[in-house]
Every structure is written in C-alpha cells, then in structure tokens.
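One structure follows; several queries about it will come next.
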Amino acid sequence: MVGSGAGGPRSLPREEFPAFFEALRAEGYSIVGPTVRDGAIVYDRLEGVDDLPIGWTDRQEAGRYRLERRGDRALFGYSVGPFTWKKFLFPARERLFTISRDGPSFSVAPEPTDPTRFALLGMRACELAGLDVTDRVFQGGPVVDPGYSARRSRILRVAVQCGQAGGTCFCVSMGTGPGVRDGADLVLTEILEPGPHRFLFEARTGAGTSVLARLKTAVAPVADERTAGEIVARTASSMGRALETEGVRDLLRETLSHPRWDDVARRCLSCTNCTMVCPTCFCSTQEEVPDLTGATVERWRRWDSCFNLGFTELHGTAVRKSGLSRYRQWLTHKLGTWHDQFGTSGCIGCGRCITWCPVGIDLTAEIAALRVPPVSVTKEAPR
Amino acid sequence: MNAASPPSLVDEIANHPLFAGLDPKLVRAAASTAQEREFAAGDLLAREGTTADTLLLILRGKVALEVGAADRPTLTVQTVGPGEVVGWSWFVPPFRWRFDARAVKPTRAVVVNGPALRETLSRHPAWGFAFLVRFLPLIAERLENTRIQLLDIHAR
Amino acid sequence: MAERTIRVDYLARVEGEGALKVRIENGRVEDVELKIFEPPRFFEAFLRGRSYLEAPDITARICGICPVAYQMSSAHAMERALGMTVDGPLRELRRLLYCGEWIESHALHIYLLHAPDFLGYPDAIRLAKDHPEAVAHGLALKKAGNALMQVLGGREIHPINPRVGGFYRVPTRGELEALRPMLSNALGLAEETVRFVAGLDFPDIEEEYEFVALQHPREYPMNEGSVASSRGLHLPVTEFEDVFEEVQVPHSNALQSVRRGAGSYLVGPLARYALNHDRLSPRALSAAHAAGLPPVVRNPYRSIVVRAVEVVYAVEEALRILDAYTPPPAPYVEPPASFHATEGAAITEAPRGMLYHRYRLNADGLIDEAKIVAPTSQNQKRIEDDLRHLVERSLDLDEATLTDACERAIRNHDPCISCATHFLSLDVERR
Amino acid sequence: MLADPSPSGASGDPEPPPLAPIPYVVRSVTTETPDTVTLTIRPSATRRIATPRPGQFNMLYAFGVGESAISVSRASLEGELVHTVRRVGKVTNALSAVTPGDTVGVRGPYGRGWPIAEARGGDVVVIAGGLGLPPLRPAIYAILSQRESFGRVEVIYGARSPKDLVYYDEIQTWRRRTDVRFQTTVDAAGRDWYGDVGVVTTRLPDARFDPPKTTAFVCGPEIMMTLSAKALADRGVPRDRIWVSMERNMKCAVGLCGHCQFGPSFVCRDGPVLRFSALEPFLSVKEV
Amino acid sequence: MPAVRRPRLAVWKFASCDGCQLSVLDLEDELLALADRIEIANFREASSAVVDGPYDLSLVEGSVTTAEDAKRIREVRAQSRVLVTIGACATSGGIQALRNFADVEEYRRAVYARPEYIETLATSSGIAEHVPVDLELRGCPISKAQLLEAVSAFLGQRAPNLPNDSVCIECKRRGNVCVVVAHGTPCLGPVTQAGCGAICPAFHRGCYGCFGPQGSPNIPSFLAHARDLGLSAPEIRRVFRTFNANAPAFRVASESAAAEPEAR
C-alpha cells in the first residue's frame, strides 16, 4: 500500500528504514544525523542507515560521557551528544563577505550561499525548542542574519521522540520535551517492543508529507500511538536532572551579589565548553582577514564565548575580568535576561553544559543554591 | 529685599544653606564674630599652610581651590560658588589651610570666626550636633568629589 | 706573508648557530675548529625522572628541522627497552611519516640552503627572481613532505601524533588517499630536482670518508637496521657505544663523536647511499643512474644530488605505503602494564644521518639515564677534516673567497647545529 | 520602539550583505584635542545609510583594519555625516589618520537614540562627560531647533582638563544663548582656566530645573553617568526619565553577536540610550 | 602610488630548536609573496646576505640562557622598531627552562664530561624578561597561520587576531569530541591558550600545553580536576613542566602540585 502521508500516524518496519533515506534523497536532501565517531554520538553526514549508532547508547553525568552497548539494535537509543544542530545553521567559522580595493574606494562581494538542503535526522524535542530559540535570535530581530536564514529555509526537521532520558537531561523542567510538540516536519517514534522493531511516522508539514508520500507505510494501529505515548511518558519520568524554573528570572536579577557566584567561580575553568556545546549560545566575533597584498579583505565570523577574557574588551580592558562575572553573565543570560531579549528561556534542558563541563558544574545545582538566601553579615551587627 | 535695605549679616548667615533652619541663637552667635567681605578677582581667601581660623560662606562670585608644589604648575581642583562654603580646617587640628582659596571673580563672602564658632558649638552640644549634621555632609561631598577625581573618570 | 686573519663569525644557511676558526701558521693549517656556540640545552639532564612516554615529545624539541627523527629514535629505543614489537601498518605509517620528514628536510636544504651556493645567490628568495620555476618546485616538494607530516603527525614541526608503540590516532584510508595527487606530483618534481641539481657545477674533489649508516636487509634504511661502515664494520645498534665515543673539545658546546681509535667518520645521505644504494626504489635508482652517480659518491659537493635521489626514493616509498595501507586495529601497541629496570637503544636515519638514542629506565617507567648522539656531532670532526683539506688546497685564495669556500664546504653536509648542541662563524687565523 | 532601528537605507542598488560597510569619502578632518579628531564624510556613490537620529551610532570601517562603533555627532539630509573619533586602538588610529579624499566605510545607523519627543513639555538637563558630548550634540541641536517645546534647558559639560574639551568654538556659541544654560567644568585646571572646576556632578546644584517634570540625557564614562544619574535622582528627577548612553564592546551592532550585553539589554540594539531605571540594578554591581 | 621602501625584517635566534624560524620557511605558499611585501634583511638561516639595521620588524626565536645573549637581546631591541617573539622559548624560556627548577651544575655535568668548557646562565628566560616585547606568538612551535597573521597585521598596521582564549573553544569549533569528558584522558586544553587549532584532541590525545596558559586560567580548579582524573602529584607536576614550565601560571601549577602529598 502506498501511504498518502497525510492524515494520522503511519507505521514503517525497521527493515524498510533504508527507504526513508532514499525518500529523503529523492526529495533533494543531504542527510545529516547521529553517528558514532571518536567515542561519542555526533551529528555528521550520513550515507545510510548503517551510519546510525545502531545498538549504542550514552551514559552521561556531570563532566562525564561514555558510549555503551545496548542490549538491542535501536537506531536512536541514546540521548544527546556533544554536538548540536547549530553548526549546520550557524557554522563555527563563516566568511560573511569579501571587500576589495576599488581605486580609492572599495567594493563588497557577498558570500554565495550553499544550496545544500539538509535533512536533520534525529532532532530531539529539546533541540526543536533550541531551533525555535535560535530562530528568534537570528531571525526575530530588526536585522535578520542572512546566512542563518538562507540555511534555515533549506532544512527538513526530522524529529525522533526520546525513548530514554540522559543522565543530565531536564527538558521536562524546561517544558521542551521529551514529546515533540511543534517545530518538526516529520516526527518519528522508534518502537522496539512489543512486536517487531518499527517506526511511527507523523507528517506535520507539507515538506514532511512529501517525504512520507514516497514511503510504503501503513496506517499505524491505535495501539502503536498509545505505545508511543507511553515511551514519551516513561522518558519524562526518568529525567536525570530537574530545574526549578518558577521565578528563576527574578531570582537571577536579585542574586547578582550572592556568595554562591564566588563558589562556582572557584570551580569554573572559563574554558568555554558549556557555551560551545549549548544549542542556543549564539555569541560570535568578527575578524578582518586581509590577503598578503592588502588588496582584498575577507570578513569572517566565528563562534565566540562570554567566558573569553577578550569578549568584553573595551579600550583594551575587559569589562568582565573575573571568572565570577563571566559565569554569572552566562547563567543570568541563559535563564534570566534571555526572556527580556527573546521572550523565552535560553535553556532547553538538554543538559549538554553539565555533561561537557570538565569539572561538572551543573546549572540545576547552581540555581538551587542561589535559591538559598545568603547569610547576611550585617544582620546581627547593630544592636 | 531691595537696595535700600540690604540684608543684615544675621540674615545673610541665616539664608545660607549651611545655617538655614538652624537655631537663630546659633546664627546670632556666629554673626557676632563674623564680617562680610569683598574679594577682587585674584585675591587669596586662604593660603595653604597658614593658620585656618575662618569659615567662609560664599554669597556671590567664584572661588578656586588650588593645590600646588614647587615642581609643577598650580592646579585648580574645585571651584566654589554662591551658597557653598570654603574651609573646614578651622574645625579640625592642626587648624591649617590645606589649599589656597583664590577668588577668580569678584566675590562676596561672610567670614565667620572659626575659633569663636568652635567655642560656641562646644558649649552648646545640641547646636554643635545640629551644625555637624549640616557640615559633615559638605565634607563628605568634598571627599566624594575628590574620590571621583581620583577615579579619573575620563581615563580610557 | 707570515700572518693572516680571516673571520666569519656567524655561518649562514645552516640550522643553528656556529662559527669556524682556522689557524694557519707559516702557510700550514694548524688547527680547524668548528665552533658551536649555540647554547647548551641539557636535554639528557632533564630527561632524567621523566616518564618513558614523554621522551618522543621532549626529544623532538632538540631539533625543529628533524623532530620526527628524535621521535622515531626515542620511541624505538623505548620499545626495545620494554620488549615491544611494532610492525604491520603501524611500522609502515612510521616509515611514511619519516618519508615526510626526509622530503621536507631535503627539499629545504637542496633549494633554500644549498642550491644558492652553486648558482651564486645569497638565498632562495633572490634565486627565485632568476629561477622562479626551480624555487617553486622546491617549495612544492617541501610542501608535499609537510603535508605528510601534517596528516600523520598533526603538524609539520614537533608532530604530536607519534608515541611509544605507534600513534595516538591512525589515519583513515581516505585521509591518506587525499595525499595521493600531491605525492604523485611530487614524484615528478623530485625527478626534475635530480636533473636540476645534477646539472650544477661541482668542484672536482674527492674525500676518503669512512661512511657509517644503518643497513637493512631489504630496505633503504630508516627506522631499523644494523650499523655498517664502508670500512667493513658491521654491528648491532646495541654495540654502537662500544665502537663510537663522544669526546668534548674546548671550542664547542657540542660533543664530537669519533670511532674509537680511528677518528672521524661521515653519516648522512652520502653514507646511506654508499652502503644501501642497491636498495633504492626503481625510479630513485634510475634517477641516480641518469644523474651519473657512481655507487659510491665521495665528492661532498655532489651530496646535493644524492639528497635529491633520496627525495625520489622517499616519495616513491610514500606512494608504495599509501597503496598498501589498511588501518591497523589499534593505533598503538600497548606498553607493558608493569615495569622493571631496563635499558634500550635505537638508531634511526635522520635526514642528516644516524641518530642514536639510549635510555635506562627504572622500575617506575621513569628515565634514569639518557644518551643521545646526533648526526651533526658525528659529522663535526669529519667536517673539520674536509675544511682542513680545503684550506690546505686553497692557501693562495684571498680571505673573502676562502671564507666563502669554507662555508660552502660546511653546507655540503647540511649540519644541524641545533641538533649538535648536546654548532658556526669562520675565524681564520693565519700566522 | 523609540527609533526606527532599521539599518537599511541603501537606495536603488541591489541589497548588499547587511553587515557590509558602504564607502564614504572624507571631506574634512578637524583636530579637536591631541587624541581626538572630527571627520566629516559624504557618500561616495548613490548608496548611503539612512539619516541617523540623535544618539544613534554608526560602525566606521578602516579598510583592512576593522570596524569601530562611533556615535553620530551631526547628520545632514544630504547624507553628510560627522563623527568624532578618539585614538584608542588600531581601528581608531587608522580612522584618525585619514585625510580628505580618503575612503572610509560606514554602516548604520544603529541603536535607539535620545527620546527627544518624550522630553517635550518639561525641563531638560543634558549632562556630558568628555567624549559624551559628540553623541549629545545632535540632541542639543534638536532641542534648540524646537526650543519652544521645552521648559528650561540646562547643559552641563565636563572634561578632564580644558584641553580635553571638544567642540570648543561651538560651546562658546551655545554659551552666548539666553534660552539655554550651558555650564562647562573640568576635573582640574591651571590658572589659565577661568571656568568652573570640579567633577561634573558639582555643577548640578547650580542647575535650575523642576525635577518631577525634567527629562535628563546623560552621556560620558560609565562611572560619570552613574554618579550623574544618581545625583539627578536624588534631586527628584524620576529614574525612568533619566536616559544614559551606554558603551560596550560591539562587533555586529545589530544584536546578533552577543558582545555588548548589559543585563537584559543589547547595548547596540536596545541602546545605546537606555533608561536609568532599567540599568540601575546592574550599574551598582561590578563587572555586569 | 609613490614607491615605498619595503619594511625590513630580521629573524634572530637565541637558545632554541630552530623550529619557529623554520615556520617562516614553511610558509611555502606565501613565502615569495611575503618577500615582495617585506625585505628579508637579516635571516641567517635562510640567507647569507645581511642588510644592516635598524629593522622594522624583528622576529625573535629562543630564550636567553647566557650572559652574552642577555647582552645581545638588548642590541636586537635597540635596532628593532617592532619586536615580536616567536615560540615558547622566547615567551617563557622553553623546555630549557626546566633548568630553572634544577641545579644547572648538575645538568652540565650530566651532559658534558668537561663542564668547565660550557658557559651558561642558571636560568633560561623569555625575551620579555630582558627587553620590551611588542607581541608574543605562543607555541612550541608557533602556528604558521598565527605567524602569517602577525606579519600581515604588522604590514596592514592593524591589531592581529590572536585571541588568548582556551584551546577548548578551538577544539569545539574544529568539531572534536572532548577527550576528557568522553574518554577520561587528561587534557590541558581548559588552561591552555588557543592558537594551535586543537591538534592534540583531534588526534585523540590530551593537550600538552605547548601554547602556554590561556588568558584567565583557573589553576586551582584544574589541579583538583586533574587529581579527580587519577593523576598523581608527580604526574601533574610533569604535565606542567614541559615547554612552558616557566610561564607564571604553569609554574604555579607545577609548584602547587609539587607541594601536594605524593599519595592520595
């Protein structure tokens, strides 16, 4: 039976999954998704189903990530790895334009856009929320970032609902997962049992429907829909972390002088890892790169981080010199002032900043500690 | 107020922000040892290192507070105008001026006798306290301004 | 003329800092001193107490021109001490890395340091004005060597990837395959280089060298072999110190290595070629034939041709290794879990010749004693002999010409002073 | 939104990369102080930026060297722009070294400027410190051009020393006006200075305005703005009517690069002119 | 455009392995173009032609280890308009600064049978300890890209793009998987300055700190972290005592580790 794609969820057996890759290619997409490299599940170009992390999972805790074998052949049986989809939309290094001398003046040549259309296969619910955040950052302001928006217009979002929570996940707290609500073109749920290994497909957009129409799917039995719901519910109940979000924005505005910042500053290495692995951190810097003749100059943009000493440099001195002020800037921005700027939290609860911090600084624990009012040193002084 | 009846010394003192609202008896006591003086532009009102025995209430004009050393040009660190005061050295030992005070415009000031005022204030602690409540903030403000100058706020 | 003084305080186009002093009394060469004033850096001393695993990284810093040689000699010495065997693709990859260093180092010496001597230029930049194609070839060859070092070693200078037991990470087939176009092009450039340098003018001089190099039963030597000499010496690496010794002379911060009871000897391309030329690859061998090289070359000026032939060899060898490569199951051979006090020595063929390392380890795997004999310390005495002969032949030359001739004679041997300091200005005193 | 933050304004030509500089020709270079020059520039072709409003800034570009955020101190309808530049780094060194006929790059205008319309009907206090005067100059002219819309207008300008005062001739013209009170003070001076001496806040007690109906525009070094704003607030000026112009490291100038964040604000996009009431909690904490 | 004299470049060598000045010759693609923009006036390793100073740009390699060199660097400074040090030796004394932690007499005897022939100072020090330095290029060896950037910035009279960020930021931009978090491999990346391109983690080994300390390293936290990874005090000491042992932050690190009890 040829599936129409539209209308309710469809079912695809695991054996037919390679056809999904074919369908994506037939629709003109290059496929990027999870694959095992260097001891982690990373997002990279995929040639076929065999490139997926079949039978692998990850065990994560603060400052520690290890790959482990699963007892089964799940394709998406892991949580989130060190990489984010951000790099496909907002590359770590990007040439913005080239400026050439033109007599006494100069002229600017824009950077040609890469026409590749990427299918982002395996986006998690939290990562879709992250995409919404970066959309607001790069497309929601008065100036739309041309590179981001060009790449953004060419992606297909293939979400996979989480079948298990990672040790540092807290999407439930952030209201971003584990079930996929909005923002996907296609939503997949991997069902390992009971019954044969199969996938539940849901098209949410026209682009998703077009892909689905190329697949021989069956109408999904109601039981499968229920199973999918149970999978998501089970994942939700096994979150590795929780973050109390109630009033956190005000809390952070009121605790700028809390002694806990000194405590975390003693641990923080200012290494930038949390910002580099964060799906929503968007800070960048620009560099003027002239050629040796000095006749043409390239303008490059690359990822930067508020943890770098030079980040706030004004007239030769950093505004935020201390590690304390840099960590505080990051956390207060991510969970607090982000709301003022973009109408949402900057945190999607993926837990990457916890896992990939070499010294295991855990923002959920830091927020909890900031909620404890500091002991005032002046309280009992005057009688 | 008109040209025919200039304000009395007592009125001048009582209207000056430093004394305004204080006990009229204190104002009269201060006025009893005070005199009003005119200074031409360039006149010294106080000389650094000399005995400080006056409190100057500026009524009109402008006074520059100057510091200097032999090896560098004299520097004006503050100018003081109407409603402001020059001098607290009369109040604290060793009772010596810490700077030069020079009129940069024709200036009129009430010159209050420092030692006498000190004596009055010590005999009337309530007056003394009330006066200090006015006087200390002026000193604090001067210190604050000095601190801001030290910050060199225009420095890059 | 009873007394003359000629001074050159600072030798150019050699790696490191040195001077030369020649004392001539009444028309006789009394003394030739190759002075190495490159300050001492005490590597053997601070290797003490370091882990055996650190030796490749630390000893690489002895020389920025041939760091791979230090990494190879130290790694092999440690593996011998610990009874480790590294073979298969890992052995081949090490050879491939060494090919990179030979290509880079030889191309550097041929084009940027040595060729200007023959063509009358002070440097390659000015040479490039009249011979742009030659210099472009040289730079392209050098770049091919560096590309190998980058892919296998992580970077050209002080590669980070080699380790005791193999590598931290081995390349994928694809990563090596990406080098093929560059290497294929380099092969042609290398052959062109042999033709180019074979056409240079060489003084008609031959020296009676005792050539010393590694000899391997099947291969042109790089990482393995026994020590052989053109005077019939043949001994295992472990007996190197029984036959060769380092002596210290007051005029130099470098130790001079001599063959006990026999004096100076020569290591490097001339020695390797003389003792191993039948093991050259086919295209290298035919390039040597076409260049008119006899099986043994004793003219030090023609070392530039031998070096060029070795470049052909190294490129061909690199392509051979690339063809046969399949990634090994593990990037390195695991060292033993526990240690006992032990000792190991190894010699590998640095571009400039044999590089000897010996280490004594304690039961914690820490280095108790290190002994390093660099190629230039082995050649230093022999270069002095070359110079003595040159000056004796050229006493009638004026100072400037003699000075220039001496510098050229030294550059024939591509001395690496940085290496030897553990080297040059010319100062000729004539009385 | 107080000002149209749209940086586009290029007329006619195809849309260039939004962050690309547009070539402008240097018409004149005036030396203000030993380290400060004022550049007058004009579009070199048809493309030009939109007319900046008082308080907005541009990114000025020195070819091959880089960009620097510089406030606009005058903008004509013909597209002529005036910027005052202090040499503090390589870019400003290069910008200061130009001569008439040279080309510099411009993109902008960026940010929100002084809410002049909001100040109508009441008194206005303008406090400038050092190079805080250039961004305030267009505001002062805007107020003077519609003088009848405002109550009393007090301008206090402070600099480190008399030689650090910019726009000296213009200040003399302003001082002669009777419809605006212009006080100038310096932190310290020699005997050749007959004006006031003392940090800028020491002139405030002399200023005449009705605090509850006053709007204040403050620009200068951060510490000077904080002190001035606090002093104004102490006098009773509502904190939400005190406006300060912040300075932070800027790379993109359009809120995309994250560098200029200050508390909840992107200084480039939400500022540089911001309400003191919103900034005060952050100005009181170090290294925000 | 009027003919402008090309700026003059000099390359100087002090105690070093020559690797950093070799980096100049390793600019295979740019060397000749560079020589068009800048006159290579004094570069002994590359040319026997020497143009007398003063020089517009001096690149200084190596550390000061002899009294003669301490004098020579002052002469170099005096004839250099802009002085840029290249590499770990010139910045912090290099690997030969390990002598600063030991008895040089003992070192001299360990290497030379006739130590009295060798003249050396007790310490190896970076150039900035002797003369003012305009720019330091880190690394053992320096990065070719940073060298090109520094020279190009000098020619363009702009500020070079040489951030003092951590290696971690380059590592992530390169797309490496963190070797510490994913493999438990000790790595100096968090406390080391970027510039190399995060090569070591890309080759599955921990950073060994050859670019010296980053702009704001948190050494106490890093030491605790290293202990958590199972490194012993002597191991931590050795990790910091390599190519930048005498850089202040690394020196403090190795000395703190040395002060730790050996057993845990």
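In order of appearance the chains are A, B, C, D and E, and numbering begins at 1 in each one.
The criterion applied here is as follows: a contact is a pair of C-beta atoms (placed from the backbone, for glycine too) under 8 Å apart; a residue touches a chain by one contact, two chains touch by 3 or more.
Because the structure is a prediction, the values reported are computed rather than measured.
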item: Reaching subunit D from subunit C through chains that touch each other, fewest steps; value: 2
Components of the interchain contact network lacking subunit E: A, B, D | C
item: Pair of chains ranked first by number of touching C-beta pairs; value: C-E
item: Per-chain CA centroid nearest to the all-protein CA mean; value: E
item: Between subunit E and subunit A, distance of the C-alpha-averaged centres to the nearest whole Å; value: 37
item: Separation of subunit C from subunit E, taking each centre as the mean of its C-alpha atoms, in whole Å; value: 25
item: Centre distance in Å when subunit A and subunit C are each reduced to the mean of their C-alpha atoms; value: 51
item: Shared interface positions of subunit E, touching two or more other chains; value: 156, 158, 204
item: Per-residue overlap in subunit B, given as positions that touch at least 2 other chains; value: 156
item: Multi-chain contact residues (two or more partners), subunit C; value: none
item: Every chain pair in contact, whichever chains are involved; value: A-D, A-E, B-D, C-E, D-E
item: In the complex with subunit D, residue positions of subunit E that touch it; value: 156-159
item: Of all residues in subunit D, those that touch subunit E in their complex; value: 64-66, 89-91, 93-94
item: In the complex with subunit C, residue positions of subunit E that touch it; value: 13-23, 25-26, 28-29, 31-32, 35, 40, 43-50, 65-66, 69, 94-96, 98-99, 102, 104, 106-108, 110-114, 117-118, 120, 140-141, 144, 196, 199-200, 202-205, 208, 210, 238, 242-243
item: Residue numbers on subunit D that touch subunit A, as the complex places them; value: 5-7, 16-21, 23, 25, 44-45, 63-67, 88-89, 101-103, 105, 247-249, 251-252, 254-259, 261, 263-266, 269, 281-282, 285-288
item: Footprint of subunit A on subunit E - complex, ascending; value: 30, 33-34, 37, 148, 152, 155-156, 158, 161, 163-166, 168-169, 172-178, 180-184, 187, 189-191, 204, 214-218, 220-222, 224-225
